[in-house]
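When the chains are written out, they are named A, B, C, D, E, F, G and H in that same order, and each has its own residue count from 1.
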Amino acid sequence: MAEKILMKGNEAIGEAAVVAGCRHYFGYPITPQSELIEYMAKRLPQVDGVFLQAESEVSAINMVYGAAGAGARVMTSSSSPGFSLKQEGISYIAGAELPCVLVNVQRGGPGLGSIQPGQADYFQATKGGGHGDYHNIVIAPNSVQELVDMTILSFDLADQYRNPVVLLADGAIGQMMEPVEFREVTAKNIEKPWASTGLHGRSETNVINSLFLKPDECEKHNKHLQEKYAVIEKNEVRYESIHVEDADLVLVAYGITSRIVFSAMEKARKEGMKVGLIRPISLWPFPYKPIEDASAHAKAFLTVEMSAGQMVEDVRLAVGRTKPVYFYGRTGGMIPNSAEIYDQIVTIMQAKGGK
Amino acid sequence: MAEKILMKGNEAIGEAAVVAGCRHYFGYPITPQSELIEYMAKRLPQVDGVFLQAESEVSAINMVYGAAGAGARVMTSSSSPGFSLKQEGISYIAGAELPCVLVNVQRGGPGLGSIQPGQADYFQATKGGGHGDYHNIVIAPNSVQELVDMTILSFDLADQYRNPVVLLADGAIGQMMEPVEFREVTAKNIEKPWASTGLHGRSETNVINSLFLKPDECEKHNKHLQEKYAVIEKNEVRYESIHVEDADLVLVAYGITSRIVFSAMEKARKEGMKVGLIRPISLWPFPYKPIEDASAHAKAFLTVEMSAGQMVEDVRLAVGRTKPVYFYGRTGGMIPNSAEIYDQIVTIMQAKGGK
Amino acid sequence: MPRPEFREERCKGCGLCVVACPKKIVELSDRFNLKGYRVATCIDDAKCIGCALCAKTCPDVVIEVYK
Amino acid sequence: MPRPEFREERCKGCGLCVVACPKKIVELSDRFNLKGYRVATCIDDAKCIGCALCAKTCPDVVIEVYK
Amino acid sequence: MTHEIVMAGFGGQGVLLVGQLLAYAGMLEEKQVSWMPSYGPEMRGGTANCSVIISEEPIGAPIIAEPTAVVAMNLPSMDKFAPSIKTGGVLIINSSLISTEPNRKDLVIYKVPANEIANEIGNSKVANMVILGAVIAATDAVTVDGAIKAFQKKFASKPKMFTVNEQAIRRGMECVINAGK
Amino acid sequence: MTHEIVMAGFGGQGVLLVGQLLAYAGMLEEKQVSWMPSYGPEMRGGTANCSVIISEEPIGAPIIAEPTAVVAMNLPSMDKFAPSIKTGGVLIINSSLISTEPNRKDLVIYKVPANEIANEIGNSKVANMVILGAVIAATDAVTVDGAIKAFQKKFASKPKMFTVNEQAIRRGMECVINAGK
Amino acid sequence: MTEKLFAIPATLKDIPTHYCPGCHHGIIHRLVAEAIQELGVQDKAIGVAPVGCSVLCYDYFNIDMQEAAHGRAPAVATGIKRVHPEAVVFTYQGDGDLASIGCAEIVHAAARSEKITTIFVNNAIYGMTGGQMAPTSLVGQVTTTSPYGRKEDSCGKPIQMSEMLSTLHGPKFIARVAVNNPANMAKAKAAIKKAFEINVKGEGFALVEVLSTCPTNWGMSPVEAVSWLEKNMLPYFPLGIFKSEEVAK
Amino acid sequence: MTEKLFAIPATLKDIPTHYCPGCHHGIIHRLVAEAIQELGVQDKAIGVAPVGCSVLCYDYFNIDMQEAAHGRAPAVATGIKRVHPEAVVFTYQGDGDLASIGCAEIVHAAARSEKITTIFVNNAIYGMTGGQMAPTSLVGQVTTTSPYGRKEDSCGKPIQMSEMLSTLHGPKFIARVAVNNPANMAKAKAAIKKAFEINVKGEGFALVEVLSTCPTNWGMSPVEAVSWLEKNMLPYFPLGIFKSEEVAK
């Protein structure tokens, strides 16, 4: 077992990327993810990697496009406003099916907002902030150790599906320190015969592209993408389910919020309330099925987010209109505490005659 | 009654903006909306307005921010990739509560995609392609006359709610010509005491801003925004409902697609099938209620979009899981024809034992 | 004897080769190709000096010049 | 007699005024203000020539100079 | 009746304008009309086409799946659009540029030597107006007076063009009417 | 027991580091730990603070609503955090900079003249280490050996710093232990 | 009461700022405020704040302001100016804001000769976000994103924005100044005032680049920072007027 | 068979292009292809296509390529080059792409001296989208977005990118050429080859601006377009080498 080290979330992502074989990083500073870009600036030269501070987020994402298209494992990171600037590039990357890992350490919005933690970029990440029909694989860790493990996973998923993976974190998880271990990774040596590397004797040119001027060809490409997405939806749903089997009230939360909700749930359980927690780990593909299944016996759902209510729409899609889906959110950089969530639980349980 | 003129959709938007009192336009060329920017280039100088071709979509949306913050009725327009580039700016505009009209003449995506018509930017427009919790008012006309009427409406809504309004069109509706009338508009003289105009004797400075460094203040601002959104959701839902009362199958489609769907519905009705159509005109706020109401008697729903399935999620949210919600979509710039939609209707009706 | 050869199906009738030829022996003919363009042609092979300026000027690589 | 006045609660103890004073009569004192900064002060009002260089140099507009 | 007419040709042959004039004429005659161009890649050096609908009823889809009439100004256009015409529909071909025989037997086909006629009139640019005349005669979608009025409104600033264009339209009509005889 | 400790002070007072050392020590002692800084606007010229949790159980929220202990290195920090401490919790104040009396009677309060002690030791920079010692003595969240080991690991490249910092930690502990007597 | 030899202009609010001790932003604010005050155009001035340490300058100037997205101040100012042609519109921007992410916006505002004034505060670093490399960071300069010193080979030499923009026809006035000592401060003031005069006269685009310190992220005392600026920045970023063209009547 | 006096290089696919009759893009493609062919680096060349009329150039070059988002070709090329330092990476960009939306990207690639070659096709207009004004459109030029002619007062004078970029330290070679006649075509070829030589040697950033026609959107015949270019563009965009610095060993 590797030695435990105490590490900031942002830095842990960086080290995990290095462990995963990422040797190219292009980014632009922004709070609260700057420790990540700074970590890469320091770390990549030590492993003969390339760190480049781009002139903007727009440039950074297009550098990622170029590097990914050239066959590299590559990463960029930003926070909310910076991530918005990347949307055109992300749509291009998804369209050209380029594997890469994109980290969004979310903060409070909209606009310049606040630099404190937020989860209000859920729609942008999962539904498509860019134009056209595409999907990012979206992964939402809730601890520094998970940041490590899932950064590595993200690179693998990206290569496996030739698809961008968004690691959706937030200011709290990016800034906090927890002990982490770096298990050894036998870096998969993924062949990328499609990459533009120079012909080197190949007879057909490799072209990285998302343009299909003829709409029927563009539709064909879209069908191909949708088929790929269907496979991902089938194989890559990830979630954690705690005490759901007998729960009257099922809590749904992801990322840092899930831990706060977990504390509140523990307290409620101790007091005899049948409360469970489903924590989506992959936000896309979203774990509709387990939530739908839970709706068979649960009397109600409570979604908690640091947003005005975004993931709750997916929960409602899963539950339908048969059981009430409540929402509790904090916005603008405010982090809910477990006491206020506990209060929400109590209110709902009392109304439902639970306990 | 004003004389009818035959006009391209894109140009009709431009003329309607002028009629609505818009005297400032900032944009960047892109197919299939270039006729709009070109119309403004020609028309605005004739009415002492300002036309400026920005260096990019990013610049254009920020010029709109400045002009709207300075109190002007202002517009920009683009198409899918260009609209993606505006997402940071739109989040700022929503955050700073600036009234303006943003036109997206959608094309096929993702990436560079195709330049043919598309409807795959629905999520981006309605859920928030930018970061943070905000909403654009999203209006989707389905004829050139409606482009005119709703462009004018959009300016009014924008000013009334201090909110960006997205006019969500597509390449077909932008490129087609139909007869239009310009009814006379008594331009509302909206006071904008909050605008940054120079002090001119005022004692408090007017600051246009979306930054709230203290998260509690940022949350307060978010609450204010959410309250405003609730009012809009209450007052500004717009839709058209045809033959829904007795329909076994309710079709849902917006924009140009709704007209193709309408033709298919007419044909099905003629053959005795009880088919109706709900056409959302405001995509946000979405007409959940009428769809929910229809689900009381309808046996099934069929959503048709030029996308891989975006608005259908909102239809599912409205319907819940009690009635099947089918989807038929074309992508990449392909426009469905009424025959293929008719086939879809027949298939569903037969399965449901309708007719 | 040098002479230019025109791959007429590729010609777009732009006329740039006409201007480029120092011997003024390239002209647009009255023939249209399948794409609807009037095609360029050499009216007097004998005068050709093989300078290949026509070929180098043609944006559509229509012309090959043989020795 | 010219003299500088320091709004100590605004001072951040940066020391730029110390360098700026041609008469070398501005110094950082041992006092801390509420924000935790050592505040600048004039150690010899009498020598002040009222040049206001201290004030113009202060990024925090701490100093007012009176005639 | 609802006329769903597709006009197609090379970029410079003026089919888009003809379509607009047709729609304009329909509008002047108080009909429902729509005009929808192709746009995009085919425009650069390739082909151009547009769809015109003229109807008594409100128009649903402005896109035409099965045209009631097609104008083909060149061969690629005929190849592309002839197969989709409704049985019994009209196909007008510019026989100046198309020598191939259309391979559908279920259509009413008119061959109009538009370029030759235009040259006869003395203005090679009005081949498209000849075709407009042919469409009017072949479909009755609009009246010739409507078409001429539409032209005059659209080019109000260029009255010098009126005569030759009207002449072209009438020659196009004649060509169809004579063929019918 | 779960220790939920908030440390707060001016930007330059080193509270973030003290928090990290505490968490580090906890980790070395095989406990569950988390450290969470404030970041953002207050950092520039204002105050800084961090939340450290040390527990036998897996840690849920890394954010502390009701601290079991608070370290206030300056007055604004005391004003901000003292009200939130759990009844019976610990409040350690840097009495070198805070002369105001805390207005809670339900806490165990230690006044540690950290700056004076640091100056006595001869290095004004180690005031934060004095406070670290005080926290250890007041909460038993980690052992002093753990803290010293954590320091030595973190600053492995600067062994010259070891002695004075260890001295500071021990002086801080003494200060609390003596107060308890 | 005795007369004040130095007073703060009405265009500057008399409140404490959030800037670090010794940060030149404070001085530059005052010079801008003084210029506007002296030209008597407070009432028709509209400023645009950047994203950077000076993001909150709308709290300090007693002037109508807009907060722009990072780098987009020139676009926002363009929008304002085109609505209020009579207003005196200016942007206040850092080097990350203006030279990096906002490079296209400033080049095009300058090229259009947008009738605005830009105050460009070059402190060779990203202050706000904690000391990352700027396009103006010097070769060899250690920052949090150039921890081994800026390498010319991978990052190039720093961009001299004033020199580059001076090649455009649009700008009517471009100068680089510093506020490192009283003499330079006077010149800085004169340049800023000149830039606003051009604005008031509606002549076109004017920009003043002000070399500035960031003691916090340079990791030195405010006084050391001034010396560092003098020793390292002044040689590479020479002070002077790069463009000054009287617009003929 | 008789010998060919002129043959198309293997680096160019022998297929028809979508360009309008007489458009210079075709000639410029061939010159680029020839340079790559002659330097024998087809195998390690990687090109980046822009969004503009030359968007499909990946179909024409017999070379690995990537299609960049509008204006971002230099960023994409940077990404590629940093992954394959031994590759000969180049961008092919129009004036809208490079000088307008992609202004920041080209300035920064140049400033970093990114070891790539940029072929910058300046036709003073947006060809692809139907003839809108470009940053390089001339004062008075009528375009679809300057229907009354480009006005200096509101749009400024056209940007001379080669001149502007030459003030940066990064670029090793910058030249402006034209292909309006055989002599200039030869010079254009030489400049393009030089720019690729610098690339092959890994010396740094090189850019060749090629003045080009757009008969379609200028609204004239291809032959008239060449004259228009000579009469209007050449005086404002003088041909020549603006920067050429032999990198010392």
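Going forward, contacts are C-beta pairs under 8 Å (C-beta built on N, C-alpha and C of every residue); 3 or more make two chains touch, one makes a residue touch a chain.
Everything quoted here is computed from the prediction, not taken from an experiment.
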Contact-graph separation of subunit G and subunit H, given in steps at minimum: 1
In contact with subunit A and with subunit D at once: which chains are those? Just list them. F, G
Let me check something: if the centre of a chain is the mean of its CA atoms, which chain is farthest from subunit G? E
Top chain pair, ranked by number of contacting C-beta pairs: A-B
Hey, which chain ends up farthest from subunit H, C-alpha centres compared? F
Can you compute the centre-to-centre distance for subunit B and subunit C, using the mean CA position of each chain? Integer Å is fine. 53
Between subunit A and subunit C, what is the separation of their C-alpha centroids in Å? 59
Please compute the C-alpha centroid of subunit E, do the same for subunit F, then give the distance between them in whole Å. 86
Centre-to-centre distance between subunit E and subunit A (centres being mean Cα positions), rounded to whole Å: 55
Please list all residues of subunit H that touch 2 or more other chains. 19-21, 55, 67, 69, 100-101, 103-104, 107-108, 135, 154-155
Touching two or more other chains - residues of subunit C: 12
Which positions in subunit E are in touch with at least two other chains? 40-41, 45
Which positions of subunit H touch subunit B when the two form their complex? 51, 55, 67, 69-71, 96, 100-101, 103, 126, 128-130, 132-133, 135, 144-148, 154-155
Which residues of subunit C touch subunit H in the complex? 2, 10, 12-16, 18-20, 37, 50, 52-53, 55-61, 63-67
Enumerate the contact residues on subunit D facing subunit F in the complex. 12, 32, 34-36
In the complex formed with subunit G, which residues of subunit A make contact? 28-31, 34, 37-38, 41-42, 45, 50-53, 55-57, 81, 111-112
Taking the complex as given, what residues does subunit A use to touch subunit F? 4, 6, 31-32, 114-116, 171-172, 175-179, 256, 259-260, 262-263, 266, 335, 337-339
